[in-house]
Amino acid sequence: MNAKISFRDIVKTYPMKDGVFTALDHVSLDIADREFVTVVGPSGCGKSTLMSMAAGLTEPTSGEVLVDGAPVPGPGPDRGVIFQQYALFPWLSVRKNVEFGLKLMNLPPDERRRRAEHAIELVGLSDFADALPKTLSGGMKQRCAIARAYAVNPQVLLMDEPFGALDALTRVQLQDQLLDTWSRERRTVMFITHDVDEAVYLARRVIVMAARPGRVQQIVDVDLPYPRTEEMRLSPEFARIRNEVWHGVYHQPKAA
Amino acid sequence: MNAKISFRDIVKTYPMKDGVFTALDHVSLDIADREFVTVVGPSGCGKSTLMSMAAGLTEPTSGEVLVDGAPVPGPGPDRGVIFQQYALFPWLSVRKNVEFGLKLMNLPPDERRRRAEHAIELVGLSDFADALPKTLSGGMKQRCAIARAYAVNPQVLLMDEPFGALDALTRVQLQDQLLDTWSRERRTVMFITHDVDEAVYLARRVIVMAARPGRVQQIVDVDLPYPRTEEMRLSPEFARIRNEVWHGVYHQPKAA
Amino acid sequence: MTQLTTLGKPAAPAARRAAGRPRRTLVLNLVAVVLGLLVWTLLATIGVQGLPTPMEVAAKAGELVADGTLLQDALASLRRVLLGFLMGTLLAIPVGFLMGWYATARGLLEPYVQFFRTIPPLAIIPLAIVLLGIGEVPKVFVIFLAAFLSSVVSTFQGVVDVDKTLINAARVLGASDRTIFLKVVVPASTPFILVGMRVGLGSAWGTLVAAELIAAQEGLGYRMQQAQLYYDLSTIFVGLIAIGVLGLLMDRLLLLAERRLTDWQERR
Amino acid sequence: MTQLTTLGKPAAPAARRAAGRPRRTLVLNLVAVVLGLLVWTLLATIGVQGLPTPMEVAAKAGELVADGTLLQDALASLRRVLLGFLMGTLLAIPVGFLMGWYATARGLLEPYVQFFRTIPPLAIIPLAIVLLGIGEVPKVFVIFLAAFLSSVVSTFQGVVDVDKTLINAARVLGASDRTIFLKVVVPASTPFILVGMRVGLGSAWGTLVAAELIAAQEGLGYRMQQAQLYYDLSTIFVGLIAIGVLGLLMDRLLLLAERRLTDWQERR
Amino acid sequence: SDDGTTVRFGYIGDYNGASLLAVAQKQGLWEKQGLTPEIKVFTNGPLQIQALGAGDLDFGYIGPGAMWLPASGKAKVVSINTLGFADRVIGRPGVKTMQDLKGKKVGVPEGTSGDMVLNLALQKAGMTAADIEKVPMDAATVVSAFSAGQIDGAGLWYPLIDTIKVKVPDMTEIASTREYPDNSFPNAFVSGTDTDQELTTKVIKVLQEANDWRAAHPEETVTETAALLKLDPAKVKADAANVEVMSTADLVAKTKDGTVAKWLNSLGDFFVGTGQLKSLPEPSSYYTGDLYEKAYGK
């Protein structure tokens, strides 16, 4: 299989006062090149941990993470990450935050400028391009983080609840934008969300995880054609898949 | 009118390099005693700013905020706050975070313990009571912040997107718990959310705000009886109100 | 201003405070200085033997200003302190980074940094003379060492305390260690670095007297030692006050720099 | 351990590093010390005039240990430094808080703190003798002053930099200023406070020689000054090394305290 | 001295500063006068004068370099101790006369006896301070700077010169204190300005008896002093070689015939020259010679 990212029998434990806590328990998962997968699961089931391994920021206790068939070489600009906690550089304006990654690519200044402007516009922050993060509202911070990741235009996008702090309309707009970009440029996307609707609407496959210990519970294929449309959200097929995912998440057999 | 919290002609501006930015533009709003209002509106429209004024943490540039008819006397334990950014004390365990407010009330230790345990259990963190915040997932941090506010059992609850980082099931559970507590003990609740469904499900009135400048656009009464049930979510009346709110938020006439 | 309006104190006083702030601080500073002078006068006139009064010191200062000695001494000392201080604190930043970032560098450097930090500058002088002679170099070196050693701890801690998520954010954007240092660690630890610089500044001035033990021909520290031989307390006080005032001025400049550099911080 | 596994460096080395860390650090420390001794021996045997070799110093140390002088001196100095250091840094915490929190306190205290920070301890001695005599009190006082002045800046900065949202979170739970100070500001600024304490510790030891100018009858600083009368460099080196080692040990203890106290921090 | 029997006595940890106290203690001379000594070691004279002024000390010891302090009324000299001949002007190998130092760097701790001997040597050679490059520095600094070849000459004293000799064996002694018999460098014991006559007399008595014992037992004195100072006796002995000890009778005689006053005046001249003294005070205004004579009579 032509896997872009492979998780091979991943175990992640944390030492605790009383024994160890198993955050991920033998998780294996392949994400194909140019695939869009979403990950859902109860709070604390290890979604962020798994993603952080793909980013090269966390090491598994045992098991292996492969990118393009080779062990993950640490973090790199080929895999863009949007963190659950935004992680903006507080001393840089919105524009400078977005340009941070572009500077590292040694782009000519006007090209850099252009791409930053574009990403900022995409998330609707043009009027705040020169504002410092501390003056932004929660949703605006999140959008800035999104713009920063988009601007670099990485091959793989790892997104941890990227639209969690956004109002419904902005959210739908950004979902459609993301799908649009993805289908045009065919990036690989791993997208964590707690919104089942969103998970189904975006993905080719929905990874349903279970908690205590964190593991892959079920993988639901979404056999809806791209481009996805608002009508599809109302289709019976969508409702069926939605229910299947919901069921997978919330009627899990209790773990040992 | 028997208003618990009154916003009287509130203006909030921030100095900018080029002139001032108007975050709130002549906002007036009364929240009755024992009322449950939700606030929705686009990202950056001033929801958090408004709430922070009720908490006594931010001062309006002009206008007045009254609590029980008197100018807001600064922050106090009568008004519990759940911050959009959680604001947990990173050096305290979940339990100690939750007990923080209780200690300030000079409760006897076992009463304190009991109430903390209860609040922690309510949000499903019992197994992590002794964990430090840095070891919690995003959703778990948010639940800890919720437990901390609940434990003090304040007369007024000011909640800023409190369920934003939670998975759908946990979210529904906490919504029902909140409604349950609210109807039993009849607290005043001001609840910010970006989920229109949630806004309608919880509130007696939904305050719809508009952005640029931030202002109250519309107030939608929700004439559904309490206790609210899952069936109501599917009722045509719910759908109608939901649509009205959605319309209010997303089809706003553009401001000058 | 922002941080003051969000102080969370009742509305009116905070607003007033925000408005009148710079002037009020100045007034308080003046009050403090006047109080200090009063206490001093009291000590000098009533109790303590040998203590010159502020008037005597002022007269002596007048003399020293008139014949140009004070200006010349101040300039000589200022040059030494500035050089030593700048080199010391600027070197402390990369060294603090190395120690905070690479376990190897830390293991190798830390014993020395900690060891020499506790060694009094007076004790370094013989070695400095042997290795560097008796010109300006050993004087600046002693000051440099003091400034470096006292600010490196702070810088090091700043590096260690940088929020991990910010470093991760830079890494995933493809930043090298060097970039992370310059573009993330340095700005993020600016508050610590500036504390380090302010502490280093204090050490630099505090070491001046010791440094000017090395065959100085002029300088505030040298003048004070001369005066000590003659038990000329007024001149010693003029020297002390000149050092204090110059130190205070430089500290204010650093504070100003800090305000501008850490504007992005959310704080009270 | 946690911070090391999240270092973001390639998997294998980081894991290895985490496992072998304490031992590796120790080895590196030892390597550093051995290197230092080599350089010293080289300097002493080949180049530098008057420098005693490590062997000579060790022999002198043996003598001083044998006749009990070293132990007695070390204890006397340790007592002074500990007292002065503890009082100085503990006072720095509330004073730093007052200055960081109340604009009035800041306006009144800051000029003095900044002023005295730049004044060399040597210059304080005459005043200390006049006001406090020649017993233990003025010695401890001089050390206290040095420790206080160098750690108060750091504490102050820590207070100013405490995350506003945490203070707000405490306020809305009904915390008074006092509670906020004890329960939020102090823990949140622990990293700064501990930097302050470490810098203060350095200053305290560094001031020891000056303090023991005040008619000390025993102590490492006193012994070094005595040795200077006869230019007995070996004894001076024994004193320096004893000070350095004691300082290093105390610093390690502080570091240990820091590790335990700031365990909650997310960092590399 | 609350009950009038405790005497707080300051000293400096070398042969001159400590030998009498070591002897007095060992020979029980304090007890004979009904006094209890409390001796405190200092690193220099001015600090002791300060402690005398602050009331923390009753008596102290100063070298010639600090003699301008009693002369300016800060203390009283109660007894001359010895004459020091330890000071030299030294030069790097090849420097043979003061003329050779012309335009060269000469390190000197200002205001000390090293400075004095340099001045005298310059005078004798018909030169002034302007003829050399006088570099003021701390005594320990002079040692380092001279050994490291950073300066060409120095005004310094033994035992520090011994240290230099080890490093620069062929250094030269250009001038010595011994060459200036009219300009002796006496060191002395001092008290505060308000002298309690009775107590002072008793203390002088102790010092006189110790002085005579020291004059009679030079070897033992070195041993006792080394023991008190925890120093190598050889070092103390070398130190003592540059000291002229006089018997008490001799000192009394020299007080009577004005020799002591002459010494003090010649020091005073030096201090007037440096600016440390504004005018030359009458030695009797700060040397309590009468008490010294009386005590000897008892």
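Letters A, B, C, D and E name the chains as they come in the text, with residue numbers starting at 1 for each one.
The rule is short, and it goes like this: a residue touches a chain if its C-beta (ideal position, glycine included) is under 8 Å from a C-beta of that chain, and two chains touch if they have at least 3 such contacts.
Since the model is a prediction, treat every value here as computed from it, not as a measurement.
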item: Given chain B and chain C, the chains that contact each of them; value: A, D
item: Fewest touching-chain hops separating chain B from chain E; value: 2
item: Chain of greatest Cα-centre distance to chain A; value: E
item: Top chain pair, ranked by number of contacting C-beta pairs; value: C-D
item: Cα-centroid distance, chain C relative to chain E, in whole angstrom; value: 40
item: Rounded Å distance, chain C centre to chain D centre (Cα mean); value: 17
item: Cα-centroid distance, chain A relative to chain D, in whole angstrom; value: 47
item: Per-residue overlap in chain E, given as positions that touch at least 2 other chains; value: 50, 53-54, 140, 143-144, 147-148
item: Chain A residues counted as touching two or more neighbouring chains; value: 14, 56-57, 74-75, 85
item: Of all residues in chain C, the ones touching two or more other chains; value: 6, 8, 49-50, 126, 130, 165, 168, 171, 265-266
item: Residues of chain C defined as touching chain E within the complex; value: 49-50, 125-126, 129-130, 133-134, 213-217, 222, 226, 228-231
item: Complex contacts: residues of chain B adjacent to chain A; value: 14, 17, 40-44, 47-48, 84-85, 130, 135-140, 143, 160-161, 164-171, 194-196, 246, 249-250
item: Interface residues, chain D side, partner chain B - complex; value: 165-166, 168-175, 179, 183-184, 187-188, 190, 262-266
item: Residues of chain B defined as touching chain D within the complex; value: 55-57, 74-77, 79-81, 83, 85, 87-92, 100-101, 104-105, 132-134, 148, 152
item: Residue ranges of chain E in contact with chain C within the complex; value: 46, 50, 53-54, 69, 72, 74, 107, 110-111, 135-138, 140-141, 143-145, 147-148, 150-151, 275-276
